[in-house]
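Heads up, the next two complexes both have subunit A, just with different partners, subunit B and then subunit C.
After this line comes the complex of A and B, so read on.
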């Protein structure tokens, strides 16, 4: 699984961090998404899919 | 995991509404392995698109309208669902579990998901006047944008989230903008007096005229075109474009004869069930929030997604009570506000991080000794990190009186 984030679309909601905190974080200054792990392991796959689904700005794309 | 129909085959699911909550329901069903047929019925002619950009990026022109599409054509096709656009539902048969559409389709299903959203409230007579707009759909947005580009004086009626965002966007486009409404400051109902006071300063600095604290009684027009907005004081605010953003009403007219309980939305239990096999999601759903012990209806983008995922799980027999911590955001000029939880009007509000005057802060809202909400102003991460305080407040036993 490969994860791609779009910083321009990101609205800094942080919902992705709630869903998968090992894969996503937010910048301190403006809350924009920080991708911690571009290729998360299989045991994180469900959480990452949830993170992509709950992102209110559609800023997370998953390439399986 | 899947559900079966009466004959043991994979169940047929019908989703009425093709916006964020409807689409997410379908995606969550497929992700969880539901293989049965799914039909999505939409009243608009468009494929699913996102609404938050309509008052911001699409209205300003920063985005082409296509960029608001929720999914590409290929992604939609891969869902293997039948999408029917431009054909509103007109009736629901609860017992027979079937929906009739305006064009005469009869759509039976084993599970029906109501995701018809809300429609904007209007002022009396506004439909008879050119230049008066609401903003809910993509077509509304493009019509408003056309008038904003041609116009010079905009009055926004309604000081809520939508009205405040439209005022900011229109000001950025260079229009002369007046924001009017009955409350004392922008978003006073949503964020309380302290933060709405800061919003009032921000809008004033950016050149929006605030004419707040007085009701609107109607519109003035000439030759079929709007000329102004009449206030309760009898003052008329001159305008060549008017946006009416005075809230929305759940789109439940089509359910009037269904027998479902309708009371400011489709009334549901804690698992978003209106009846056996019938569910409601998104703006239209008013469900029993067990953490709060009362019915709640949320009109925000995040709820559309989260509730749809909860309903998909419920349909597949994996459900549990839906008890979200609500979240919404708003962008106005360079201010990005993030709101987690509930901000009751009588809450005690403290700035717990940052600085109000620097317009970078986190405010915490407490009611009856419990944290009910957190608001971040240009401090998104810091606000989110306090979300757990709200969860703890929801879990705490309710105070007795």
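After this line comes the complex of A and C, so read on.
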């Protein structure tokens, strides 16, 4: 699994961190998404899919 | 918008929105719910007699709220205002996170997001727990019955938003009263303006003070941006007002309404008391958020161009209303929506909206609710209503937030 985030689209809702905090964080100064792990392991796959699904700005893309 | 002579007869069109059924006060209004059985998009008439698109299906709401061809610009002719005071004052509205699109929205929102990130909110959990425990202690030491709203629901989020913004909590009676007046649909435009001015003057003075003596809080952050020329004082005042109002009324309502709902569902309440897994506790909060969807007034948008959507032809300038409770009770997305099921996977709900305008303070609200729901019913296992459910006064369906102004409880 490969994860791609779009910082321009991100609205800092924090949903991705809620869903998968080992993979996503938020930038200190404005809360914009920080990708901690662009190739998360299989055991995190469900959480990462949830993160992409609950992102209100559609800023997370998953390439399987 | 359709021409006046082509408008549907009054009795044939859905009047947004009908009242909730007093027998099921927590469910969305019956006619609104019924639209989930027909089509995801329909026509509806609002308070001023104008007709607009009503997007009720969950998937359709998701699509329309993230569609860049749809605008939040409330100065466009034909915009579906929630009420008369909003319509009367729209021409005066400066750009905010609510009515800005695209790059303007991004610029303003990013000035407000820093204090509300998930990691920052998580760090506040011990403080939220401490305030919750202290407020419950005080309630238990006081007379029975108690009003949950004034004992816990309002003070907790008010204390938290005050601490975050750097607004003195001693002033809470002043700003709670004026925030209330500024957001009630039953108030006149003049009354709302007066409340807004009083609140604005108060916050402007605080911001000026923070320019001289900055502290570690959001208002000081805005004050620094005024000094740097990124914001004007009126803009910073408005951002502060949005955060202050949105920061306490909504969470307060979720605490009150959530408690009333759980007391009516004793099996789910018992289940909630037993939850010790963090994820299960988080999920329970999401289901309660879905069920109540207190942001009931419907998100308002206007089409910025012509496009086809869910089999209808939307024209540039058409008003669009997205009633979030309808999406959250769409059986396609949430089977048996009328069933409160704390184990339901509910994270895809629209209680905080959807798209770029999704609630800024949602992570604060979540943690406040996780702490309160996880504490109150365990510490006060005999908590119950001190009046009959039928005696509870709910705010009307056209109020901005679904709420019970007073919840008498005993134990």
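Simple rule for what comes next: the second predicted complex is superposed on the first by the 64 of 64 C-alpha atoms of A that agree within 3 Å, B and C clash if a C-alpha of one lies under 4 Å from a C-alpha of the other, contacts with A are read in each partner's own complex, and residues count from 1 in each chain.
Simple rule for what comes next: contacts are C-beta pairs under 8 Å (C-beta built on N, C-alpha and C of every residue); 3 or more make two chains touch, one makes a residue touch a chain.
Computed from a predicted structure; not experimentally measured.
Look at A:4: by the touch rule set out above, it reaches neither subunit B nor subunit C.
In the superposition on chain A, A:30 contacts both subunit B and subunit C.
In the superposition on chain A, contact is made by A:54 with both subunit B and subunit C.
By the touch criterion defined above, A:18 lies against subunit B and subunit C together after alignment on the C-alpha atoms of chain A. The interface of subunit A with subunit B overlaps its interface with subunit C at residues 11-15, 17-18, 26, 28, 30-31, 50, 53-54, 56-58. Residues 8, 11-15, 17-19, 21, 25-26, 28-32, 50, 53-54, 56-58 of subunit A are the ones touching subunit C in the complex. Within the complex formed with subunit A, the residues of subunit C that make contact are 65-66, 106, 109-110, 113-114, 116-119, 121, 282, 347-348, 352-356, 358-360, 362-363, 366. Residues 11-15, 17-18, 26-28, 30-31, 49-50, 53-54, 56-58 of subunit A touch subunit B in their complex.
Residues of subunit B that touch subunit A in their complex: 24, 27-28, 31, 50, 52, 70, 301-302, 305-306, 309, 327, 329, 331, 336, 338, 376, 378-382, 384, 387.
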